[in-house]
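Here the chain labels run A, B, C and D in written order, and each chain numbers its own residues starting at 1.
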Amino acid sequence: MGTTLDPGAVDLAVDLAGLRLPNPITTASGCAAAGRELGQFFDVAEIGAVVTKSIMGRPRSGRPTPRMAETPSGMLNSIGLQGPGIDAFLEKDLPWLAAQGARAIVSIAGGTVEEFAELAVRLRGQEPVVALEVNISCPNVANRGQVFACDPGAAADVVAAVRAGADPAVPVFAKLSPDVTDIVAIARACVDAGADGLSLINTLLGMAIDTDTMRPVLANHTGGLSGPAIKPVAVRCVWQVHAALPHVPIIGMGGVRTGLDALELMLAGASAVSVGTAIFNDPSAPVRVLAELRQALAERGIAKAVEVIGLAHRR
Amino acid sequence: MGTTLDPGAVDLAVDLAGLRLPNPITTASGCAAAGRELGQFFDVAEIGAVVTKSIMGRPRSGRPTPRMAETPSGMLNSIGLQGPGIDAFLEKDLPWLAAQGARAIVSIAGGTVEEFAELAVRLRGQEPVVALEVNISCPNVANRGQVFACDPGAAADVVAAVRAGADPAVPVFAKLSPDVTDIVAIARACVDAGADGLSLINTLLGMAIDTDTMRPVLANHTGGLSGPAIKPVAVRCVWQVHAALPHVPIIGMGGVRTGLDALELMLAGASAVSVGTAIFNDPSAPVRVLAELRQALAERGIAKAVEVIGLAHRR
Amino acid sequence: MSGRGTAGRPAPGPLQIRDAEVLRLEPAGAYHALTLRAPGIPERTRPGHFVALAVGGERSAMLLRRAFSVHRVRPAEQTVDIVFAVHGAGTAWLAARRPGDTVDVVGPLGQPFRVPEEATDAVLVAGGYGSAPMFVLAERLAARGGRVAMVLGAATAARLFGVAEARRVADEVMVTTDDGSAGERGLVTDPLPALIDRIGARLVYACGPMGMLRAVARVARSRGIESQCAVEEAMACGIGVCMTCVLPVVGEDGVTRMTRSCVDGPVFDGARVRWDILADRTGVLPDDVLGADAMRAH
Amino acid sequence: MSGRGTAGRPAPGPLQIRDAEVLRLEPAGAYHALTLRAPGIPERTRPGHFVALAVGGERSAMLLRRAFSVHRVRPAEQTVDIVFAVHGAGTAWLAARRPGDTVDVVGPLGQPFRVPEEATDAVLVAGGYGSAPMFVLAERLAARGGRVAMVLGAATAARLFGVAEARRVADEVMVTTDDGSAGERGLVTDPLPALIDRIGARLVYACGPMGMLRAVARVARSRGIESQCAVEEAMACGIGVCMTCVLPVVGEDGVTRMTRSCVDGPVFDGARVRWDILADRTGVLPDDVLGADAMRAH
């Protein structure tokens, strides 16, 4: 690290548990559908990977509307994992991503350990799938709807089943919720159960009340808080988990809007960074963030993106 | 509720476990010191109460600087409970509040159950003290620094000791941290241990990294996230706890900047509302929020503030 | 400018113009009329398309774009006009722009009104600023030889938009206000059935609040004709990736799906929108919505 | 306007002016010179006081006020001048204001420079925009019969502020730049010892970056004279309620306390500031700071 470099000379490639990505920027699950709509704004093969909206076994309607509320520097959503189900996903969405030459990190969700495992099996051998992201922030049908991600045991069960079901060559990332007392404990449980890496963070549980109608804004009452508002929580979670598990690759996310935000998460310990809510503000945010990150690294005289991963722990 | 009222005619008085306040607006602990500085901007007797900075037994230096970082719609702080200690507080701060005719809700903090209890005893019979707020978001010396508020047992121990030590006529509010898997469980433990009410929420644990120095911004690395960014989390916590414990009065806080924000927390279930970080943006925020709340109630044809407490649950 | 067009002819999709210049911002009754220079967008826009504007600047606490129907485009000048009401902080910010300022705009978005190739007599119904997209639509219909009637309604006279413009472009114009301060006292749907019959309309186009759209769709259905309704659902992304803007719409196959109003709408065939479900507040979708059963499990 | 003055004479404390009008905003070398109409603030302000400005508007993601030294006040016109560098988003927003816009300002804040009643020869040392508060100070000192020398330093010529103004108000002016683009190449502290000796200064005033203040304080101490240093600590509230802006300062009783720079500073006696602790990055305060021992427990 030293004097300014030519941005074009910066090596952005990163390694995620053996998966080599040309650069560390991905979309965040649920903020890019399956990439196709964003393809109108940029070439989805240009970013490290497209992380797809969490897919489940069956088609799901999602929740009634209203499903969103804007909040200061953030938003709440309660989509309820609306989606076409794995069959339609395999038939329509994955082939499109493959045709673009994009790398797909497929996010999977389930109400039971078995559903997760089946999804992992169905995704075996699908060409553009370079990793699985296991969205364990969903309610566990078997346990009164308690969210898997809030219980180390349940989280571990899901991860172990997915790891067993998935293509052995494809790394499995467990995506954690920040709404827990001890995120390191959950992270450890997932890694011990076979997770190759971790994705941090999912949304925070939040709520808004309409002061005109004097009722909750969201039909579902509570929803997930995302956007720049939560970035400090994301940085903290990535920092804590990287400190405890320095050899586990982390996909960091939460409020990333600029290349400097992405750099901040990498300095905290993320090997890759997902851009979520910022896409709603700027549909080409992923490529813009990528360009800004490249520029920021060059200005800091950093020749390889991998050098900044966790760097704030070492300075 | 019906047509617009004369704002002057709105009855703002609220009851907090037998404590009657002329209106529901208070300062948030740590955002108003002991009221004196704000007295330059407004009459501190005009608001419902002044919640003082958490006081501990001994004088404390607080943490090294930098102690703060601005974040999107929020800020991080790591003051480390700097304060003069209970002796100086009793000698200099409380008499000033008494002289103003203000009502003081004194926030206490400790590293051990005993320290909390002693503070409660010391505050017995002090004239302007109308309630205690127990800041259990501090590290428990006896348990490797785990925060009291993150463990139902430790939280209950503190609350029970404070309740036993405090003036029986003075209600005790336990102030909870949102950084837990199940805030209702902690709330219940505190109420079962004798808390007369609950204060929700303290800051969220967060962090910022300076992308120039590539080191954590705060000397202490992590800090507490406050401000409008966290309002959705505050509304959610108040909503959940009020739903579970509808008869327990709640002082709501987290990101309140306007009268409508205060109304939102009351609709979720708060009987009173503290204004914290917004004071840094606007030193007269507490009285402005009060005036705006009065106006908002009048516009909605609500004659008594108590009518809106928890109203969103009932509509 | 972004958007992946092949050089030469514009690609069909939307463009993002990060620095669309404000050329004009004027009061228009209770509304504001804004003209932006947004190269590339005019030639792609058809009546019923909308644009999404970022508000508040880079350090704004307001993250989401605001959607506005396109009022007019002028391809020669590369301009896009919108008409907006100040509703909250985002539109208040927009109203405080000055010529020379820039705004980040994405568009055109959504599905425009369906305009039959053949001459079609039609009634265009608009509530408040809902008339904004209707004038160019009227011109198109007229150009294809159809007779066009317009019904403009609002709560009060000041909240009508474009009555004079309507008189220029339509064969017949009716005005209603809730308070009778202009035109007939009442709702846009009051004169609608008679008007449909009088001009023998084969299509009704509508843009305005949900309640109005629902009523218009019902009238059209009762007359056995098609309605094209432009809905206004809260949108987080406007480009089809977030799933916040959905409403239950019956597909060609008769199945009701939660359908994105930003890419599959905002214009829908009124007969296909499940207004019954929209009006329901139980917080549970009925089982005949595709995938609603899967929600029951968890 | 808020602030609790009894009618007639101004109360001592700060005022909040929610709608201070921007009268002037002009470039001044690498800086911006801003004049605000802020009734009540001028007559309360003394050299070294600062004001705190809210930035970004009501829906801004930037919550905290930005602090700026007062450059000049004009009580007759009720104006306050500040000089600022664009550093980040808040100052960029400020630089984009236009005459007629309003800004929410609180002030005057803090403790001003101590100006002895009797005639006192003094050297005023400033880095970059740190000179802003120094000119009025120079005038005061001169009015009381003291000889005033000024040393203005900056990284480069463009980042000097007020060299001409300095020549008007001071008896002697020296300029240093890191790159030699103006004045002597070097640091403000290079000429300082000789200058102190030459004019027989009894006091050194300093405003600029921490490293410079520390060096100035050391020079003053070595000459056996007092230094009055205006520090620049990150401040959340600016009014004494948040405890973010503290630094270790030795009190009258010899005890080091974490002391609020917004109300007990920003001007401190350089000999009382514990520069050694400030420079330390261990993350632990030494035991001789009051209450540091209590931190050890938890």
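The working rule: a contact is a pair of C-beta atoms (placed from the backbone, for glycine too) under 8 Å apart; a residue touches a chain by one contact, two chains touch by 3 or more.
Values in this document were obtained by computation on a predicted structure and should not be read as measured data.
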Chains contacting each of chain A and chain D, listed by label:
B, C
Among the chains, which one keeps its Cα centre farthest from the Cα centre of chain A?
D
Contact-richer chain pair (by C-beta pairs counted) among B-D and B-C:
B-D
With centres defined as the mean C-alpha position, give me the chain A-chain B separation in Å.
34
Just how far, in Å, is the C-alpha centre of chain C from the one of chain B?
45
How far is the middle of chain C from the middle of chain D, if each middle is the mean of its Cα atoms, in Å?
55
Give me the residue numbers in chain A that touch at least two other chains, ranges are fine.
72-74, 227-228
For chain C, which residues are shared contacts with two or more other chains?
59, 61-62
Considering only which chains touch which, how would you classify the arrangement: line, ring, star, complete or other?
complete
Partner chain D, residues of chain B touching it in the complex:
30-33, 37-43, 53, 56, 58-68, 70, 72-75, 77, 79-80, 82-83, 85, 111, 138-141, 145, 219-220, 227-228, 277-284
Complex contacts: residues of chain B adjacent to chain A
69, 71-74, 76, 150, 179-182, 204-209, 211, 213-216, 221-222, 225, 227-233, 235-236, 239, 255, 260, 263-264, 267-268, 296, 300, 308, 311-312, 315
Contacts from chain B onto chain C in the complex sit at residues 72-73, 228
Once bound in the complex, which stretches of chain C touch chain A?
2-4, 11, 13-14, 16, 54, 61-65, 104, 106, 233-234, 236-247, 257-258, 263, 277-278, 280-285, 289-295, 297-298
Which of the residues in chain D end up touching chain A in this complex?
61
